[in-house]
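For reference, chains read A, B, C and D in written order, and residue numbers begin at 1 within each chain.
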Amino acid sequence: MIIVLKPEATKNDADEILSRISSVGLKPLYMPGTERTVLGALGDERVLETLHLDNHPLVERVTPILTLYKLVSREVHRQDTVVSIGSVPFGGKHFGVIAGPCAIENREQMLTSADAVKSGGGHCLRGGAYKPRSSPYSFQGLGLEGLELLKEASEKTGLATVTEVLEVSDVEHVEQFADAFQIGARNMQNYRLLTAVGRSNKPVLLKRGMAAKVEELLLAAEYIVSEGNPNVILCERGIRTFETATRNSLDLNVVPYLKQHTHLPVIVDPSHGTGLRELVRPMAKAAVACGADGLIIEVHNNPKEALSDGKQSLYPDEFKSLMNELLPFIAAVGKKV
Amino acid sequence: MIIVLKPEATKNDADEILSRISSVGLKPLYMPGTERTVLGALGDERVLETLHLDNHPLVERVTPILTLYKLVSREVHRQDTVVSIGSVPFGGKHFGVIAGPCAIENREQMLTSADAVKSGGGHCLRGGAYKPRSSPYSFQGLGLEGLELLKEASEKTGLATVTEVLEVSDVEHVEQFADAFQIGARNMQNYRLLTAVGRSNKPVLLKRGMAAKVEELLLAAEYIVSEGNPNVILCERGIRTFETATRNSLDLNVVPYLKQHTHLPVIVDPSHGTGLRELVRPMAKAAVACGADGLIIEVHNNPKEALSDGKQSLYPDEFKSLMNELLPFIAAVGKKV
Amino acid sequence: MIIVLKPEATKNDADEILSRISSVGLKPLYMPGTERTVLGALGDERVLETLHLDNHPLVERVTPILTLYKLVSREVHRQDTVVSIGSVPFGGKHFGVIAGPCAIENREQMLTSADAVKSGGGHCLRGGAYKPRSSPYSFQGLGLEGLELLKEASEKTGLATVTEVLEVSDVEHVEQFADAFQIGARNMQNYRLLTAVGRSNKPVLLKRGMAAKVEELLLAAEYIVSEGNPNVILCERGIRTFETATRNSLDLNVVPYLKQHTHLPVIVDPSHGTGLRELVRPMAKAAVACGADGLIIEVHNNPKEALSDGKQSLYPDEFKSLMNELLPFIAAVGKKV
Amino acid sequence: MIIVLKPEATKNDADEILSRISSVGLKPLYMPGTERTVLGALGDERVLETLHLDNHPLVERVTPILTLYKLVSREVHRQDTVVSIGSVPFGGKHFGVIAGPCAIENREQMLTSADAVKSGGGHCLRGGAYKPRSSPYSFQGLGLEGLELLKEASEKTGLATVTEVLEVSDVEHVEQFADAFQIGARNMQNYRLLTAVGRSNKPVLLKRGMAAKVEELLLAAEYIVSEGNPNVILCERGIRTFETATRNSLDLNVVPYLKQHTHLPVIVDPSHGTGLRELVRPMAKAAVACGADGLIIEVHNNPKEALSDGKQSLYPDEFKSLMNELLPFIAAVGKKV
């Protein structure tokens, strides 16, 4: 850790801080400069967090040398982690596609959409039973009934399932009915929920928050893994920027960045990442090309009538075409479905 | 609602959509143009949401005329709502200051900080028992023990209290120990939590999410009010932008914007809004000047040793000075403490 | 154009505005609603801009139906425009790669880098003679001497060249020495410069500003084309967001968006778009996959010693590998180099 | 400067870099850690920029200790600089208000608006002769004729004037007709233009770019001052964020931040900063309250008919009221008009 002092700090102030550094077992370093004095702390600086040096009124700035996440870091664990949803592997050489409707609306819609995913070539099924909606007057999901429909669709098609949990109390229900938890963008920093799924052993699909830095996404994953559940799949789903032509700005830069900094699998959601059906297919290909380990895509049997996110849902035939179009890209990056 | 069709839409497509508009009781309008056909729907368009017209593959764009929030709108309820925390009123002509440490750390720190708030002239006391922290390795709060210390500090000083709830299950505990709920920025779109505090009758301090548009903040408030709790205080606390010199960018524009669009009181958090102790005082004054109904400020008996957010916490004497400095600004906007 | 009036507007106010709409030859439309009165104007609404209806104190909001750009719109001109730099075509089925150093530093660096581009398989050569630098104490480019070196490199390798103009007075010099103008991100809204290159007939590589919406990029292109120069290539190079792990956030969403809305070719700059050498190769592939018509990539004979942007410049052998790795992606999107 | 090496860097790599640090006269520092080796360079690190250490493939990150700007820094020059436009001082205890129409449209509009500014109590007059407009089909300003009208208005009212320069060639014209140059947000990083006004001795009103970090604004000012013109007034005018309810997000945080980091005067533009007439007055007061040295406000004799920015222009009587309302705020911060 590097500590830059304010110009008015004296040698005494520096000494006080240096002795606090020593007191936690790190090696202190004194570097007086012409305009600023700089202090260093050598060793595992994570213990320094207890010192809260950036609170000090004479400290201008504290720059950590190491990342705050450790368990999810590729430096600690160099090989790719492969996480399976049901029997579908994500990570390493394995590429998988999760598809299905945004929300579970009724039996027919769910079963027909699931058939479309299966016959289109998808590997896992998604569908939301609990829906976070910005307006209290919008459809909020079917709850437990939705989970039952999801399970029925899974049994009929043989597809493993992923569905969102909104709260700690949802975890036990979803655990019974589905093969993986989804933590949505709005809950990426809901630490109670991260802790709760961290105590399960089912895989967790962790979506990046719409204003979350990539380091914060990794720290959210660290929460889950530090509770004992190593089965985390990260998901880029678009960030909020000034651009209004698209619903979000899909930040594909973070895909190769994450692959270099963590051993966890990384997938991409081009449906939320664009918000526009017409952009889903090209951006799905781009995600493959930059190294994603999979995709999660909204497919609906009848997007025109969908109760949520119809504007970004693919028609069944569009999904089928996309699955074929993806093949040469998946091959070109050396992966297999 | 205005519906712009894609250039390839035919008269038949328009007719199909117009008949759907009629079917929900609105008056349809057909406006063929040289390059685009535009459709209109006159009446209370909120019923249109059930039609999901923006999902239609031949619809280019849907522009609502009315806002989605209603109960919190000043159009529906023109007079200022005054919300009281304990006996301290916020809104209308009433200006109030909530102050205290970010986290409740231990008995001495809490009681000393509460004394500093009281003797400095603050009106309510804040302090977090449940702390959302981006790293799993940071201090997470004292929980119930913290709530008890907060209550003790309240009894000793006579200050009413506000504290954060992170999850539905926290609501009943906080209800016993504190005078108001705080919904933090990370939970502004935690709809289960909004619903839960909406079923209480204690006031709710609702903080804007760090990437939330002002319309989304108003919809979050609508969730609470639509459950039956009209006692909502909105709080601007800074948004996430590209600027890195400050922790957040305090978006004071939304203070007068909100005052014009809603009857609810609006307060400002210059501590999180800047992240830097040196900027808290000038920005607190700016908040008063643009019409805020109150402030929430981090004050700590010893910021240098604070377990969280010490860098942005005021020293007791700084807080006392600020309270005096605020007086002419509060008078100049025609409010009283 | 759709005009939403404020609630306090009377029938008289509406009539006044409707008569202004009639006065410019458009068909006015009156749509009184329960909470708001909405007005419409049917016809080529671009003439409405002269009315400045959004200035009116009783107008709440004006929503245009049509885009402000016309010449660059795919609605007006449906086939892909192919723009050639020297003899290298961009657009339609043609994919091209422009590469070279950020800045022209000296003769040896320029010639060696140009050789690396040529032998690596690049199609055009880039290199800056005029450099916009955020600090006045940084290297500002060699100016005319740089242009001469660029020309020499072009003659030796046979590669056509692109170089940046910073000001109107640079246009005539660059016109003599290079095959295409580059308008950098900082100058996307330098309308004098857009007008000046619009009066040339050499192709223009127009980079998106770092906070420019895609509609603003298209309007900037409209400036150039409306002056008579149809040879514009658009370039996505990353936008400024809250994310700090990468220099910019490469907004690939706009590639397919632009391809759908304009007939102009669209290329991508993964060097500035990421700022990190390690991310350039995966993001170059992603750009191809989502439909880009080309790439512009920084390649330096010795990035370690580069005077600018070395951190994001490829080594010659990395560039050569990338050019090979791109081939299956280019084939998969149905393009050819 | 602190240099963090990648984990794979060897002692030899460190030695190579350390010897480069020595070679430019700085004191090198070697700090091996458990997971990373960190190097330091003590002395005036600005010379290090010539080493471009961040280009090095084994360097993970370079953290400067000092700012890149020097002449504009308050550390170098502790007293407030007072800059006068005509005889109106800005900075120190002096508060000034610049007002007038966005664009100079015709003689009557300019003279009437100037009268409104004068009789309303404004201190300087603004008006644009050269207008940067995002669409090529919008009004682009009257050019030289506009400058003549501005001068006439100045002579009639006795108000000193400020007007925008778009390009180096505008500088000599504006120098003849006006009392101060304005560099608009789009040109904050037009370094040729900064250099040109830096060679004049007339004051420069430098507006922050809409995606410019505060450090970049200070570096832009450094360009001007380093050319010999110390008369720079900085202006916050709103940044581009995800919020769409307002045209920009006025980032008042930077006002006290700038006042702490530079000796130059800082003013605020609440017209562009909000884009909405209804928000101009409260935000003008907020600007005063947080320490601004002045304001620049759009006032038009008839905003309803204004050719640009009418939606954010005050009516003459609104301006007059505002000037009165500002007085207690100006007094409360210890300034005088």
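Assume a residue touches a chain if its C-beta (ideal position, glycine included) is under 8 Å from a C-beta of that chain, and two chains touch if they have at least 3 such contacts.
Fair warning: this is a prediction, and the values are worked out from it, not measured in the lab.
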### Query
Between copies chain B and chain D, what's the superposition rotation on C-alpha atoms, in steps of 5 degrees?
180
### Query
chain B and chain A are one sequence twice: same or different residues at the contact, by the over-half rule?
same
### Query
Going by the average position of its CA atoms, which chain sits the greatest distance from chain D?
A
### Summary
CA centroids of chain A and chain C: separation to the nearest Å works out as 31
### Summary
Chain-centre distance (mean CA atoms) for chain A and chain B, in whole Å, is 26
## Note on the structure
chain A and chain D have mean C-alpha positions lying a whole-number Å distance apart equal to 39
### Query
Counting only residues that touch at least 2 other chains, which ones in chain C make the list?
211, 240-242, 244
### Message
Per the contact definition, I'd like the list of chain C residues that touch chain D in the complex.
### Response
46, 49, 52, 54-57, 68-69, 132-138, 140, 166-169, 186-187, 189-192, 209-211, 216, 219-220, 222-223, 226, 240, 277, 303-307, 310-311, 313
### Summary
In the complex, chain A touches chain D at residues 2, 4, 7, 29, 31-36, 38, 40, 42-44, 63, 65-66, 75, 240-242, 244
### Query
What part of chain C is in contact with chain A in the complex they form?
211, 213-215, 239, 241-246, 249-257, 260, 273-274, 276, 278-279, 282-283, 285-291, 328-329, 331-333
